[in-house]
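Presented below are the structures under discussion, each in the form of structure tokens.
Two complexes, one shared chain (chain A), two partners (chain B, chain C).
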Partner chain A sequence: MSARAPVRALLVVLGIVILGVFPLVFSNPTTTSIAFFTVVFMVCASAWNMFAGSSGYIALGHAVYFGCGAYALTLLANHLGFAAGWGVFALVPVAGIVAGLIAIPTGLIALRARRHTFVVITIAFMFIFQLAAFNLGFTGGSSGLQPPTPLWSVKTYNDNFYYVIALVLLATVALSWLVRRSRFGLQLLAIRDDEERARGLGVRVGRVKLTAFILSAIPVGMAGGVYAYFLGQIFPQFAFDPLFDLSIALMAFLGGLGTVAGPLLGALVLESLQQYFTVQYGASQAYLIIYGALFLVVVLLLPRGVIPSVEELISRWRSRSGAPEPEPGETGRTGGGVVEAGAR
Partner chain B sequence: MSALIEAESVSKAFGGLQALSDCSLSVAKGSIAGLIGPNGSGKTTLFNVMTGYDRCSSGEVRFDGQSITRSTPERVFALGVGRTFQITRLFFRLTVLENMLVATQRHEGWTRSVARRAGSAAERARALELLDFVGLSRLARSPAGNLSYGQRKLLELASLLVADPAVLLLDEPTAGVNPTLIKQLTERIRELNRAGKTFLVVEHNMEFVMGLCHEVTVLHQGRALKSGTPEQVRADPAVLDAYLGGADDDNE
Partner chain C sequence: MSASSIAHAIVDGILTGGVYALMAAGLTLIFGVMDIINIAQGALVVLGAYMSYVLSAHLGIDLFLGLIITIPAFFVLGVAIEWSFMRRLREQDRVAMSILVTYAVAIIIEGILSVIFGVNVLQLHASYVDSTFHLLGFYLPYIYVFGFVLALVLLAALYYVLYRTHFGRGVRGSLQNRTAAELIGVNVDRVRMVSVGIGVAVTAAGGMVFGATNAFTPSSGYDLISRLLSIVILAGLGSIGGALVAALFMVTLEDVVAVVWSPVWATLVYYASLIVVLSFRPNGLFGTAAVRAQ
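Our next item is the complex of A and B:
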């Protein structure tokens, strides 16, 4: 990021504080419920971007891992006799691991292909898993499953879920940042730009891509688990939802593909808007129109997303106003420099 | 002199097109070898076979006595064979310095790369040193896509040097590069060669090849037509024939 390091640190601290105190300030259950869903999508968009944004492989099947996390948590809680309450949250990491395990074979298969073929294969996986959830015995078919429902007071019910998913978000963003600055992250970016040449420079592209794919599936699975527990019921068409895939991709595109902050911003804007419209007007599908319009605006005006465009503006403004450029961004950091660096 | 990298009776066909047939090439350790030939004579295919990008249908490729015939490009590079491409390939959206850091993992286990930073202080210093060597250090922070064509060629070469390969395969390093930069490139290759690096250079620029290479191999219709010193090759009637006529299907 072209912002100076202290500014960046301040923004990070501010973000964490807002995340922490939000339900205390806005304690209305309607608001906290919106906040919960927003953070769920921030986790998913951030995790998705860790793989797709860095490697350029636009996966549209992460609903597989979301749904598997949801089903894993519900099935385990029911079959292992978990009492409704805080104990069930212990299964959230397990849901993430299940999603990560499922990402191994699906990733191995999908990553044999590149670009468009890869996208189609990931979509196909999503529908295969949805069909399986409809038709397998243990998933309850079309009537879905119910995880245990905790008997918390209405006042704090949402908050408990909110704080759990907020913790997952912090871990996901930390992971995403670590990947971005690691050599592994650089190898992913190299694959995005020219996979054949990356091989010629000794990058083991197969392993690198699969690792990133698995790493990105785990937080999505955890989010799916928390989501299922919060809703108290899951159905195949919502656990494995094609709109979920489009949403998280659009969120990352809006904020800035391949940046750490971009997907967070995108999810914050889009998901809270969608929830707001749903609550306010009861029009649960109206957001699709807005998504379409926003997507057009992004493609036409900010093809690289909000964060890279704003960064570029700032650094242009800085160099124009004659202020000395700060020590130029270290490699591996978000954002490039003065010049059009492509979608960073 | 022992051969550092060699291809022995390599054949490769693309459908009905026999790109290489029973082609042999040997590059002595510590030498600068040239590979010339008319368009379509199989030079780039031979490069691809030698670096794991293409598999040959018969024959063998050896590096330092070890067979690399069925190796992947990743593995060939890890052993110490670096290559550039005919049409320069860089990571255009990464900065020049980031381009330099991609190859640094050569000497290290793969799992470590997940946890560690993109470049240690020593690696960055070495990368900047090499950028200085090719005259690009002041552009370290700009995106590689902003470089001129000649600068891209230099960066492509420098980004291989980070990993310290034993042999460098350069595919048309002077194509589209201005004379000043060609001179600079020649000097750099000589300097690296003195430091012990082995080169195999594909070129159309005869002046460049004849002035630089210790040994030149002429490829014609997928076969090694002639190997020898630049003088021997230049005087060979078969070589003149291949270049100046006789095989009209090769001339473009």
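Our next item is the complex of A and C:
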């Protein structure tokens, strides 16, 4: 790690700089709106991975928290009489907290079940929430809700939203990194590898899983809130969207499940690609074919995701050229090392 | 709400439930033998509906007669999917990867259907789809009865293959314990390939009946797969008999709630019942703790 640490730090700084200056360099509103959606998905994929990637429980119902965040921000802004503008952004953390609170009962129920059943229960929750949003009185039913719309020029509008979601992204990645390095993160990995043995070794399995589940719901709820405010309207079928669940899972898998950088890379590639196709070909569904085919190729050729596969290539290249291998004690802290341990 | 409308709901639920049972049986067979959750099952049903649409609307072939073409075609498609994708998954994270791979297959199918047919709502038509008969004070299209009978015939055939043939013994052996089955000379790879073929072939029939009793678009598969997954999970993954019971139970429950309470909340009860059952029996109604002891 000694040789890799500066490279890693450099990449992190570079990433933050690119995130910061992107709308200054590419100021075209179409580009900045694509960038906004991409960062929304980076937040969601990263947060999802914090739970699912580390624990091995593939949750396909995080749209519940996205939608709840979206509705929470909209309802609070409308009922508390927030004027359109910067003030509404103060509700973004509240949207996250609401999502986190909803994750407590849903997580308790879903996590009673093991792997396959867990997947299906999370899907069932997604449909229950979608139905509730369609049919409850205060959600506005199928006509949805409209949060206040700020009267900014197109460019300021996109930029303001972009920087807010970029801040949420930084916080999420920092949290994800801290979890990854912590004892708590190791407990999650132990659960992924062998839940019974982890329990036997004294990991409080139920508590650890639920905590991770709640932690991963909060940023998704915040992203949902910002997303609703950006669009200026929210409908049940877009707030609670089954494709959202699968997309963020796909992004995390593409980049590398269980790594900090993987979901970011996956979301960056897939969401910008999808947005580009949508802008380029409009309502045509042809991008679904490309999206699906790309996905198949990646899953079959790089089953562990891009980042772990690339790291493995680099370390193989290093050992061939005679450079010392990273110490075993430290590989456990890097993304690639632990994934290798899990894949064995 | 009258006794007659409740009776209608029950009859309707049982007739529709039979078709769901057929589709769910395919899904649970694939899971049991392969350890794979086939997310594409819903999209395959929709593909089956579109194939029946092409055969009947453009070539004038009767819906049921068309199954002679679509069922073998789907068997081949299933074998192809197993050969090209499913068997390439590694053992250790098979379930998670299978969800992703079959989801990718589902979106490719959805994409192809959208490009060819557009996203407009379609429904299959035939004389027996559009005409009704009188029963217990309400009218029912003939297709519901025909579809139910078709589902029963195919389920009986599936039962016969699984419980009365040498091949079926191999399937059930692989379901219980892959390693042991291999040790006593079952060609597990071949069993898996044929099982996926059968599991996909039944969706051709399911798709035809689905398309004749529901309006559908290329993206109808997502709602369908959620329902089918709920059925097989409620039953206990890998339990084919259980899938039958769970399908009849869930669909009838939904139809009765729609009449007694309100159609909009029926689906909610459908999923809520799944969660309630699983809270008490985490392995489903007919599932055992270790379906696959290996």
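Methods note: the second predicted complex is superposed on the first by the 320 of 344 C-alpha atoms of A that agree within 3 Å, B and C clash if a C-alpha of one lies under 4 Å from a C-alpha of the other, contacts with A are read in each partner's own complex, and residues count from 1 in each chain.
Here is the rule we go by: a residue touches a chain if its C-beta (ideal position, glycine included) is under 8 Å from a C-beta of that chain, and two chains touch if they have at least 3 such contacts.
Keep in mind that this is a model prediction, so the values were computed, not measured.
S.K.: After lining up the shared chain so the two structures overlap, which partner does A:F127 touch, if you call chain B first and chain C second: first, second, both or neither?
M.R.: After superposition on chain A, A:F127 lies in contact with chain C alone.
S.K.: Between chain B (first) and chain C (second), which does A:E196 come into contact with in this model arrangement: first, second, both, or neither?
M.R.: So A:E196 only meets chain B here.
S.K.: First (chain B), second (chain C), both or neither: which does A:R207 touch?
M.R.: In the superposition, A:R207 contacts chain B only.
S.K.: Touching A:R115 in the superposition: chain B (first), chain C (second), both, neither?
M.R.: The answer is second: A:R115 touches chain C but not chain B.
S.K.: If we overlay the two complexes on their shared chain A, which of chain B and chain C does A:L288 touch? Say first, second, both or neither.
M.R.: second
S.K.: Under the stated touch criterion, which partner chain does A:Q187 make contact with: chain B (first), chain C (second), both, or neither?
M.R.: Touch status of A:Q187: first partner only.
S.K.: Once the two structures are fitted together, what part of chain A is touched by chain B and by chain C alike?
M.R.: 343
S.K.: For chain B, which residues count as touching chain A in their complex?
M.R.: By the definition above, chain B touches chain A via 51, 53, 72-74, 77-78, 82-83, 85, 89-95, 97-98, 101-106, 110, 113-119, 124, 141-143, 145-146, 159-160, 163.
S.K.: Which residues, counting only chain C, touch chain A once they are in their complex?
M.R.: Residue positions touching the partner: 31, 37, 85, 88-90, 92-93, 95-97, 99-101, 103-108, 110-112, 114-115, 119, 218, 222, 226, 229-230, 233, 237, 264-265, 267-268, 271-272, 274-275, 278-279, 282-284.
S.K.: Looking at the complex, which residues from chain A come into contact with chain C?
M.R.: 56, 58, 60, 109, 112-117, 119-121, 123-125, 127-128, 131-132, 134-135, 242-243, 246, 249-250, 253, 283-293, 295-296, 299-300, 303, 343
S.K.: Touching residues of chain A toward chain B in the complex: what are they?
M.R.: Touching chain B from chain A are residues 179, 181-187, 189-190, 192-194, 196-205, 207, 211, 328-329, 331-332, 336-337, 339-344.
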